[in-house]
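Look at the two complexes coming up: chain A is in both, with chain B in one and chain C in the other.
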Partner chain A sequence: MLAEGLDTLIRALAEDGFQVVGPTIDQQAIVYGEIKATSDLPRGWTDLQEAGTYRLQRREDEAYFGYVVGSHSWKKYLFPPVTLVASADLGENGWRMQTPEPDPVKYAFLGVRACELAAIRIQDQVFLGGPFVDPTYEARRSRAFIVAVNCTQAAPTCFCTSMNTGPRCDSDFDLALTETSSGFLIEIGTDAGQVIAALLPVRPANSTEIDQAEIARQRAADQITRRLDTDGLRDLLMNNLRHPHWEEIAQRCLSCTNCTMVCPTCFCSSVSEVPDLTGEHVDRERHWDSCFNLDFSNMNGSPTRNSISSRYRQWMTHKLATWHDQFGSSGCVGCGRCITWCPVGIDLTREVVALRDTTGNDLSRLSDSNAESAEANR
Partner chain B sequence: MSKPFFASESASSNDTATTTRRPRPRPRLAVFKFASCDGCQLSLLDCENELLAVAEAVEIAWFPEASSRLQPGPYDIALVEGSITTPHDAQRILEVRRSARIVVTIGACATAGGIQSLKNWADHEDYLRCVYARPEYISTLATSTPIADHIKVDYELRGCPISRHQLLDVVGALVKGQRPRLPSHSVCLDCKRKGTVCIEVAQGIPCLGPVTHSGCGAICPTYDRGCYGCFGPVSQSNCLSLTDRYLAMGTSTETLLPLLRNFNAAAPEFRDASNRIEAMTIRTETSSEARHE
Partner chain C sequence: MTSAITAPRFDPWRTHAVRVARKTPEVPGVFTCDLAIQEATVASTYRFAPGQFNMLYIPGLGEIAISICDDPQSRGSVAHTIRIAGNVTHALSELAVGSTLGLRGPFGVGWPIDEYRGRDLVLVAGGIGLAPLRPLICHLLAHRQEFGEIHLIMGAREPSGLLYSAEYSAWQDGGLNVYPTVDRGDDSWPGHIGMVTAILDRLPLCRPAETVMMSCGPETMMWYAAQIAIDRGVRPESVYVSLERNMNCAIGLCGHCQFGPQFLCKDGPIFSYNRVASIMKVADL
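For the complex of A and B:
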C-alpha cells in the first residue's frame, strides 16, 4: 500500500464507526490523540530518548511512524484516568444507586507497537482474566480495532528484546503495518482486519518489498542495546527484600508516581465518593493511583509503606517478580517509558544490575556500611 | 478554665429563627484572617455558582470580609487564613481554637507561613526601619509561622491561593460530618491523569511538580510553565534529589533559589532545600571573588 492508502484506512475506520486515535504532535512530544487524516500524524518527526530526557527532532525523511513511543500509552483509552463507577441519589424512599452503562465508544488504535500489544495482553489478563471482569475495560477493549505498526527504529531506553515482547508485532492485531521508503507492507491478523483491508488500495507485496520490510524491522532490533537480565529475576528480587540498595535508590527516587503513570501495564486505582454540596447526590469515581503515592497504602490511619525505599521496592518487585505469581507473566514489556519519564532518570535495568552485582557478596558487610552511612546522615 | 471566647447568649436567639424553618440547625461557619492577602477568603466568595448552596448548608456566622453582621462563637467550622507574625495574633489564634470545633487552615500563609516568611531569613527590625516612619509603634515577631506551629489544626488546605473546588469539597464534607477528601499525592499524578506531557523531561523546564502537594489541578505545567510549589511540599518529598538533578541539567542556583523560596519558603522541606542552594551560591560567590582578587 502506498502512503496515500493511509488516508483511506483512516476514513474507512471512521466510516465504520470507529474513533481513530493515534500518534500526533502535541506539547512538544508525540502523544496519542484523535486522528482525522494523515496530516495529523507526526510525519517527518522522531523522538530522542534517554534516562530522564525526551526531545522531538526532525527526521531526514518523511516517515509517518519514524518515532519510538511517547509518554502516553493506549491504557488511557482502555482504562481511563477517571471513570464514573456509580452514582447515588437520595430520594423519598432512601438512596437509589445507579451504575452507568459503559461508554459505547469504539476506538481504532493506529500505530500500536509490539511492546504495547504485549501491554494490552497483560492488562487483558488483569481486567478480564480473573473472576471479576472490569466492565469499562471490557466494553472498550472488545470494541477496539488495532492497527499495529512495526518499529523500524529503537530508542536507547528500549529493551523489548529482553522481555520477549518485540520489536516485531506477531499477534493480537487486526492489521499490522511496516513502513518502508516505498510505502506500507500490511499483514492481516483477524477477519475484522480483512474486511477493512478489502477497502484499501492494496496489492500483494513482491519479494523485494517483503525483504525491505524485514530489513526495516531488523534495524529496530539491531538498535536495541539495553538489556534486562530476567534469568532468575523473580527469586533475585524476592530473596533481597532487605538489600541495602533499596535505600540507595530511595536517595534518588522522588516517589512522584511518574513511572507508574506512564507504564502501560500499571493498573492501580483508588475509588472515592464525591458528594455534591446538598449531600443528596454522590458520584463514585475511580482514579488512576500509584504505589508511589504515600496515601495509597494508608490502612488503619497510617501508611503501610512509609518510606520511599519501601515504595520503590513494592513497585519493582511487583512489576518484575510477584506479577508472575499473580498473572503468570512479567509486568514489564520493555518499552522504557519509566526510564525516559523519570524526572531524575532512574533506570530499572541498571537498578536490577546493581542488585544482582552486589547479591551474593557479603550482605552483612553492606548492611553495616549502610547503617554507618545512615548514622553519618543523622 | 477560661470561658469560650466567642460564646454568648445572643447566638441561640438568632438560631431560633432559622431553626423553625429547618429541622436541623446549620453548622456555624467562621472565617478568620491573620497575616495574609485575603485571597483565600475571596476564594469562598468566588464560588459564585455555589455560594447560595454554601449559605444554605452553613450559617455564615463570622466572615468580616463578606458581611458586617458578625455573630459570636462557638463555631462548628473555623476557616483560618494567614500566618502568625505578631504577638497579638499569637494570642488571638489560641482564642480561635477555643471557639471552634473544627479548625481548617486555608492557604500557604496559614499552612506554611506564606511569602511573608521570607523575613525569617532577614532581620525584621531592618524591615521595620525601612517601611515605617515610627517603627516603635509596630509590634511584630521576628518570624512568620504557620498556624499549626501554634494550635492543633484539624485539616489543612494548601495553595496560594487555595482551590475553591477543594474548599467547597471540604466544607461540604464537614457539614455532612464526613472526613474531607484531601488527596496528598504529587502534582505529577495530576499531570498524568490530565494527559499533560512532563515539561521537565520533554522540554527541560525546571518544575517542582514531583515534590509538590496536589490540589491545584496541575495548572502551570499544562501551560508550559514549571510548577513553583505554591501548594507546598508533598509528604516525604525528596527535594535533594530533584534539585541535584536540576543543577546537573545546568539550572542556575539563581533560578532554583526563588523557585523554592516563595509562598511556601518556610515549609521545612523547601526551607532546607533552599538553604542548601543558598549555601552553594555563597560558596560560588566567595570563590569567584577570591579568583577576582
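For the complex of A and C:
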C-alpha cells in the first residue's frame, strides 16, 4: 500500500464506527490522541531518548512512524486514567448504589508497537484473566481494533529483545504495517483485519518489497543495545529484599511516580468519592495511583511502606519478580519508558546489574558510602 | 477485535444497599454492626465462608474492608465487628440503627476448615483478631463431632479488652477449650496473665503432626505463634495466618494489598504460613 492508503485506512475505520487514536505531536512529544487524517501523524519526526531525556527531532525523510515510543501508552484507552465505577444516590429509602453500563466506545489503535502488544497481553491477564473481570477494560478491549506498526528503528532505552516482546509484531493485531521508503507492507492478523484490508488500495507485495520490509525491521533489532539479564531474575530479587542497594537507589529516586504513570502495564488505582454539592449524589471515580505514593499503603492511619527504598523495592520486585507468580509473565515489556521519563534517569536495567553484582554477602563492589553504611549496620 | 472477548459476568463493583439492623458495643473502641441487605433476592442468597470479608461503604467517605464475624448459618443480617481506626470506621460507629450504607462482598479466601476434618485445632486470636475467627468458632460448634480437640486462645491487653467474653462459657460448654489471657490483669481477673504464645507453649497437644493452627492478630503475634507451633511439631503447612493490608478494590485489580506475590484480597487474607513465612519478617514490605 502506498502512503496515501493510510488516509483510506483511517477513513475506513472511522466509517466502521471506530474512534481512531494514534501518534500525534503535543507539547513537544509524540503522544496518543485522536487521528482524523494522516496530517495528524508525526510525519517526518523522530524522538531522541536516553535515561531522563526525551527530545523530538526532524527526520531526514517523511516517515509517518519514524519514532519509537513516547510517554503515552494504549492503557490510557483500555484502562482510562479516570473511570466511573459506581455511584450512590440518597433517596427516601436511604442510599442506593448503581454501577454504570460500560461506555460502548470502539477504539481503533493506529501504531501499536510490538512491546505495546505485549503490554496489552499483560494487562489482559490482569483485568480479564483472574476470578474478577474489570467491566470497563473488558468492554473497551473486546471492541478495540489494533493496527500494529513494526519498529524500524530503536531507541537506546529499548530492551524488548531481552524481554522477548519485540521488535517484530508477531500476533495479537488485526493489521500490522511495516513502513518502508516505498510505502507500507500490510499483514492481516484477523478476520476483522481482513474486512478492513479489503477496503484499502492494496496489492500483493512483491519479493523486493517483502525484503525491504524485512531489512527495515531488522534495522530496529540491530539498533537495540540495552540488555536486561532475566536469567534467575525473579529469585535474585526475592532473595535480596534486604539488600543495601535498595537504600542506594532511594538516595536518587524522588518517588515521583513517573515510571508507573508511563509504564504500559502498571495498573494500580484508587477509588475516590466525588460528591455533588448537595451530598446526595456521589460518584465513585477510579483513578490511576502508584505504589510510589506514600498513602498508597496506608493502613490504620500509617503507611506500610514509609521509605522510598521500600516503595522502589515494591515497584521493581513487582514488575520483574512477583508478576510472574501473579500473572505468569514478567510485568516488563522492555519499552524503556520508565528509563526515559525518570527525572533523575534511574535505569532499572542498571539497578538489576548492581543487585546482581553485589548479591550475597559480597558487598565489596558496592559504592564506598553504601559499603560503609552496611558495615556500620553490622 | 482480537482475543480476550468474554461473556458479561457479574459486576464486581455492584454494591448492595444495607440497613443497620443492630449496633452492639463490644470492648472500648470496638462495636458490632449487624447489617441487613435491603434487596430481598440478594439477602436470601447471600452466603459467606468463615474468614471472608465485606467492603462496607459510606457514600462520600469511602469504603473499607471488614471481616465478617457472624455465624455462617445466620440469615437476615450480617454482623461485622469494627474497631474505630479511621474516617470510615468512625462514621460507621456514629450511624444510627436504620441508617443505610453500601456493602460489596463477600470477598477473599476463608479458613480452609473442610480440609481438616478429624484433626485437632488450635485457634489463636489477638485483640480484634478474634472477629474473623468467630464465624469459624460458630462453624466448629455446629460441627463439633467432626473434629478432635479444639483449643481457642485469645489475648487482650486487659480484661476489658477481651472480645465476645460473654460467649466464652457457651463456647466452653460447646466443647472448645477456651483460654483467655491478658497482658495486665486487675483485681477481678481470675485467669491467665501473659501473651497468647505463653499459653500456646504449654498447651496439651496430643498429636501435633495432626494439629492445625489458625491465627489472626498482630503479625508479630502470629509469627511467634507459628514458630512455637512448629517447634512443638505442628506441620508448617498446617499453620494459617490472616493478614491485613490496605484494600481498595477487594478484587485484585488495584494493587494496594500486595504482599510479595500475594494479593491479600483475592489470594487471602488467610494464608498457609508456608506461603508467607519468608516475607513476613521483611520490614516495610
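Methods note: the second predicted complex is superposed on the first by the 360 of 378 C-alpha atoms of A that agree within 3 Å, B and C clash if a C-alpha of one lies under 4 Å from a C-alpha of the other, contacts with A are read in each partner's own complex, and residues count from 1 in each chain.
Everything that follows uses one rule, which is that a residue touches a chain if its C-beta (ideal position, glycine included) is under 8 Å from a C-beta of that chain, and two chains touch if they have at least 3 such contacts.
Please read all numbers here as calculations on a predicted model, not as lab measurements.
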Using the superposition on chain A described above, determine whether A:Met299 touches chain B (first), chain C (second), both, or neither.
second
In the overlaid three-chain picture, which partner chain does A:Ser307 touch, first (chain B) or second (chain C), both, or neither?
both
Chain A: partner with more touched residues, chain B or chain C:
C
In the overlaid three-chain picture, which partner chain does A:Leu254 touch, first (chain B) or second (chain C), both, or neither?
first
Just chain B (first), just chain C (second), both, or neither: which does A:Thr278 touch?
first
Partner chain in contact with A:Pro104 - chain B first, chain C second, else both or neither
neither
Is A:Pro204 contacted by the first partner chain B, the second partner chain C, both or neither?
neither
Looking at chain A, which of its residues have contacts with both chain B and chain C?
275, 279, 289, 307
What part of chain B is in contact with chain A in the complex they form?
50, 53-54, 57, 168-169, 171-173, 175-176, 178, 181, 183-186, 188-189, 192-204, 207, 209-211, 224, 234-238, 240-242, 244-245
Spell out the residues on chain A that touch chain C in their complex, using ranges where they run on.
85-86, 88, 90, 93-97, 99, 124, 126-128, 130-135, 138, 141-146, 172-174, 189-190, 192-193, 238, 241-242, 267-271, 273, 275, 279, 282, 284, 286, 289, 291, 296-301, 304-307, 310, 313-314, 317-318, 321-322, 325-326
Which of the residues in chain C come into contact with chain A in the complex?
1-6, 8-9, 11-17, 19, 38, 57, 59-63, 85-86, 99-102, 244-246, 248-249, 251-256, 258, 260-261, 263, 266, 279, 282-285
The residues of chain A that touch chain B in their complex are 26-29, 31, 52-56, 70-72, 76, 81-82, 250-258, 261-262, 272, 274-279, 287-290, 293-295, 307-308, 340-345
